[in-house]
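There are two complexes below, and they share chain A, which is joined by chain B in the first and by chain C in the second.
Showing the complex of A and B:
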């Protein structure tokens, strides 16, 4: 076994160099085949009938009119008469037909009768939820520096202690903060193109989890997982919502089994938004007390929210977020609503926790009449992740890139230009991002070709390119010289892409396999070069003796020494194994500059700065793209997107893209990304960065709006209407 | 000349000349409905169906296709010609993912009936790969203006059309002129840089 390590910054030939993604041309000329694009010969197109009611019982369902529609081949009923439906959009039946038009017509022809049941969707209204019996405790925690005595009632002691600390505080902030639910809204909707043939299933599935979804299909179809192949060469967005075949994927497979024809079943846009993933809301009431320096000494909060019909609210573990004072009390109430269950949304819990707690720090600065930067700086003593020094340095860099010092004014005290005021805000975040399980099989053929197989997937993060870069670096080749195969459940098992764990996992498995293979190759080459294997290195397409580069042979000549037997190596990394190649825990700081129109309430992004640590950066180009993208998604959550439900009927009223507002190119302003990679971080190895950059934007933008106007707009998204309401409340 | 044809042989005994009248995209088909005039009444919904052979030029090649009158241009491209670059993301024209050029002008294939394109020239994103890579997709690759890539073909075509009209666009014109496309992954900053490089370098072909 080789001595696994990364090359130093100076030695590295490929790693750390901006590299265009290898599948870039395929994507930008439309030849990349996504699940939706796979057309199998003789395929049926399936469409779903979603329940129009948020809570009801099916009393009758008659699919026979659908079967009479020309072109309709099969109707699969998923919910029979008697079923209780708990959210709008739940799929009742699936129609498979020769064309999209026929399938849609078939769906319209199905006759269903419903008995309406009581609906509750007001997740923001805690009292109404309690009255409706929709609440449950999500837990809580109390931590105080002083311990209760042996005879003290713990709750009473905590009450008294919190009140005492608040009274003793120089500054007290009391407030309400919130963030509404949003959806994942993947542009490629959830779905699959499947073919059941000869007792085997081939499933092209839009998934973040090729290695872990075969068994989900198998269970339901009475197959073994080895009878199933899941493929996903390209996926049009997942963001945490595409880990399973889902019942609609299984339905497609069943229809294929019954009809003997391939089936394509992708959700329509409205069902994608209603069913296929949403992020829990969070609303928080809080009191904090701080000392004369603005360091928070006590935090007392209660938050609530909904993860829909089954999921919970935002975890209490991350409230307050990152900066946790020595004394705190926090609790959470889960609210059950008639909405589809929440799914993991990029950095689960963190964006909401950041939005409802780092806004409090900014309000403290407002109350103190101090620069928000200084108050954040003072509160770094409360950083619970050991990253205070990293944050301090990142804040310095971010402030420089933003021009914070030159531009900053106290809250609401900036110049007014017509109806426009401007402001700055910041926030900071953390994330784990440790490497996932990953296996890689590597084959070096005697003709010098290099090929790898790994059951991972590229969500658009650039995984393919990272795999190629790691192999190329190790062998002294260029990324275009190696062929990387990913995206099939038949390849060596690799973990699901979630939680920023992929780049770490695949870097581990590919580097390990490549170093092992190279060691074997060195053993063959050493006698030829009259050297020891340990003295060799692979650089610039040649294998040579360290310190004597003239003693070398080409990569091809070296591989020819393999004779007629390719060299094949499989290596695995198991998540959690300490390794010099990867690590976990990152820090990031973000700053926003906004302009607010006091007459219209419209907030415009002027500039955004993101400083992000992710250990060692393999590909700075795609790494930066993750951060640009995270910031844009954060801007979406801060200013644009929200799931709007009719409070009486529970209907999701903005479930089409014309109403579900997302930012456009002209809405995001200037974004500056800084990859924070000093030696202290680089030496930690690779850490994922998919989640971190999406965490801080909402809090940073909220703080910038408050800095501009002097008024806190309590609940995200900060729409013109909400901005105006907040301004009016002050007036 | 390519020929494409939908398999309807499995359903015999129904009129092929029916389509759903009044569905969102049916308006352009009214003229045809008047000609074919085979109208069925089913549960209060007036159903008119029909098929028509149309001739279009797709990426420079003449193509004859038999389409249902309700078939959108996007469905025709994707299912009958297997040109899957243009993407189905929304049917209300709000995302730009299905952008193609019809007679040189940008159009949303998802919101356009195939029969409305009879006799027209269609240019899809696939055409930008040949004979040599167009500067727009090239700049998208160089500036990494793509992540998952599902919005990318539509964005590339929107940029191609924008630059055809505004070869020397200013920064402000770029920020104002490319707001018909949604990217969920958030590649906007990169798309902006890609477009900027083309107007600055004068290399937008």
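Showing the complex of A and C:
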């Protein structure tokens, strides 16, 4: 076993160099085949009947008219008469037909009778939820510096202690903050094209989890996982919502099994938004008390929200977010609404927790009449993740890039240009990002070609390119010299891409396999160069003696020494194993500069700065891209995105992209990304950065709007309607 | 999408021959930027789709003998936007520029833009144009709905972004059919109607009639502008809009037309705003007063009171923009 390590910054030839995606041309020219592009000979097209009601019981379902529609081949009923349906869009039946039109007409022909049941979707209204019997406790926690005495009632002690601390505080802020649910809104909807043939299933699935979805199909079809191959070469967005085949994927497989035909079943846009992923809401009432320096000494909050029909609000564990005072009381109430269950959304819990608690710090600055930067700085003493020093340095860099000192004014005190005011805001965040399980098989052939196989997937983040860069770095080659195979469940198992765990995992497995292989190759080359194996290095397409570069042979010559047999190595990394190649826990600071039109409530992004630590950066180009994307997505959540449920019917009214508002490029303003990678962070090895950059934007933008206007717009997204309503409340 | 018959006539007369006298049986396809989506969702399910893009007389822009301009209904928005004849009609050009999507501008037609179906999300999700509060709670989410003329069952907003500008500029529309010899010129303001029942639509067009041309009168000293309150720089519908055209002499407005968009089931002609502006010089103050006058009779629904403010600002800014003054905003 080799001594696994990364090359130093000076030694690295490939790692740390901006490298374009290996599949960039294929993607931009359309030759890359996404799941939606896969069409199999003789395939049926499937369409779904989604339930039109948010809560009902099916009293009758008759599919026979659908079967009479010309072109319809099969109708698969998923929910029978008697079933209770708890959210709009739930799939009742799937129609498979020769053409898309016939499938659509078949769906329209199905006759269903419903008994309507009570609907509740007002997750923001705690009292209404309580009246409707839709609430349950999500737990809570009290922490005080002073301990209750042996005879004290703990609740009463906490009450008294919180009140005492608030009373003793120099500054007290009381507020309400919130963030509405949004959907994952994957541009490529969930779905698959499947073919059941000779007792085996081939599934082209749009998934973040190729290695882990085969058994999901197998279980339902009475197969073994080895009878199933899941493939996903390219995916148009997942964000945490595509970890399973889903019941509609299984339905497609079942239809293929029954009809003997391949089946293509991609969700229509409205069902994609209604069913296939949403992020829980969070609304918070809070009181905080701070000392004369603005350091929060006591936090007392109650938050609530919904993860849909299964309840689940934002966890109380992350409230308040990152900066946790010594004394706090927090509790959460889960609300059950008639909406599809939430799914993991990029950095689960964190964006909401950040949005509802780091806005409080900014309001404290407003109340104190102080620079928000200074109040955040003062509160770093409360950082619970041991990253206070990193945040301090990141804040300094971010402020410089933003021009914070030159631009900053106190809340609502900036110059007014006609109806336009401007403001700055900041927020900070943390994330784990530890490496996932990953295995890699590597083959070096006698002709010098290098090929790898790994059951991971590229979510569009550049995983393919990272794999190639790690191999190329190790062998002294260029990324174009190696062939990387990913995206099949038949390849060595690799973890799902969620939680920013992929880059760490694949870097581990590929570096380990490559170092092992290189060690074996060195053993063959050493006698030839009259050196010891450990004296050798692979640089610039040659294997040479360290310190004597003239004693070298080319990579090809070296590989020819393998004889007839290729060199094959498989190496794995198991998540949680301490390793010099990867670690976890990152810090990031973001700052927003916005302009607000006081007459229309329209907010425009002017500039955004993201300073992000992610340990060692393999590819600065795709790493920065990931942050640009995260920031854009955060801006979307701050200003545009909202799942709008009609309060009366529970219908998801903006379930089409024409109504589900998203920013365009012209809406995101200037974005500055700074990869924070001093030696202290680089030496930690690789840490994922998929989630972190999407956490802070909402709080940072909310704070910037408040700084511009002097008024807190309490609930995201900060739409013109909400900005105007907040301004009016002040007036 | 339902299976359908496809017709691609080459003359206006041929178009009329293949249109059905019954609503819903045939649909006219121009750019298709609205129709295709509606067909995919099966909100409209025609038996026959009639593509009018191959009819040469419906294409292009030409000056009229009177000094105005005539636009074929199937002319795409980018052709309208770049035509030298359109230069004096600022109110129209500003709208097309504000649509902010190369695809929609290149594919969408001016006639199609006038005939778009409402963006009302209840309609688009299959509840029809006349959705109601089924349980009488009055709690439907109507944040983008009408603040004028919303007492009846129709509470959607007229989706056309160009219509207010055309009405303010005094445009006429040529409508033909059902018979080949039937031809009428309709003031743009009379083309739109608020449907009172399911058998009526949002324009006066019968299913076997065709909008063929839009004619703008000579500019003749009229200044014009449209101001749309847009949340994003993308092609999403504005939250409120106003078009203003006026003629002045000696610094005093002598004649004006002010039409609001996105606020009523039809483009909303504001007599109040006109009355406030005529006889006054254009200043920030008089524009503000006209904006105030425009929303006097506004009656917001459950969740759209903010649109009253936006409509007021849109009117003010349209007036200032038409006068060549800084309208404010971004």
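Methods note: the second predicted complex is superposed on the first by the 730 of 731 C-alpha atoms of A that agree within 3 Å, B and C clash if a C-alpha of one lies under 4 Å from a C-alpha of the other, contacts with A are read in each partner's own complex, and residues count from 1 in each chain.
Criterion: a residue touches a chain if its C-beta (ideal position, glycine included) is under 8 Å from a C-beta of that chain, and two chains touch if they have at least 3 such contacts.
Remember, it's a predicted structure, so these values are computed and weren't measured experimentally.
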| item | value |
| --- | --- |
| Chain B versus chain C as contact partner of A:558, first or second or both or neither | neither |
| Partner chain in contact with A:666 - chain B first, chain C second, else both or neither | both |
| Touched partner set for A:538, first chain B, second chain C, both or neither | neither |
| Contacts of A:108 with chain B and chain C, given as first, second, both or neither | both |
| Chain B versus chain C as contact partner of A:648, first or second or both or neither | second |
| Touched partner set for A:658, first chain B, second chain C, both or neither | both |
| Touching partner for A:599 - first (chain B), second (chain C), both, neither | second |
| Partner chain in contact with A:100 - chain B first, chain C second, else both or neither | both |
| Partner chain in contact with A:628 - chain B first, chain C second, else both or neither | first |
| Superposition-derived comparison: chain B or chain C, residues of chain A touched | B |
| Those residues of chain A which chain B touches in one complex and chain C touches in the other | 99-101, 105, 108, 656, 658, 662-664, 666-667 |
| Residues of chain A defined as touching chain B within the complex | 20-21, 23-25, 27-34, 36-37, 39, 42, 45, 65, 70-71, 73, 98-101, 105, 108-109, 185-188, 234-237, 239, 266, 269, 459-461, 621-622, 624-626, 628-633, 636, 656-658, 662-668, 670-671 |
| Residue ranges of chain A touching chain C (in the complex, touch as defined) | 52, 99-102, 104-105, 108, 270, 418-420, 595, 597, 599-602, 604, 639-640, 644-649, 651, 653-656, 658-659, 661-664, 666-667, 719-721, 724-725 |
| Residues of chain C defined as touching chain A within the complex | 1-3, 37, 41-42, 100, 119, 121-122, 124-126, 133-135, 137, 139-141, 143, 229-234, 236, 239, 306, 309-310, 313, 326, 328-330 |
| Touching residues on chain B, where the partner in the complex is chain A | 6-8, 10-11, 14, 18-20, 42-43, 45, 47, 49, 68, 70-71, 75, 78-79, 82-95, 97, 124-126, 128-129, 133, 136-138, 140-142, 144-153, 156, 174-176, 178-192 |
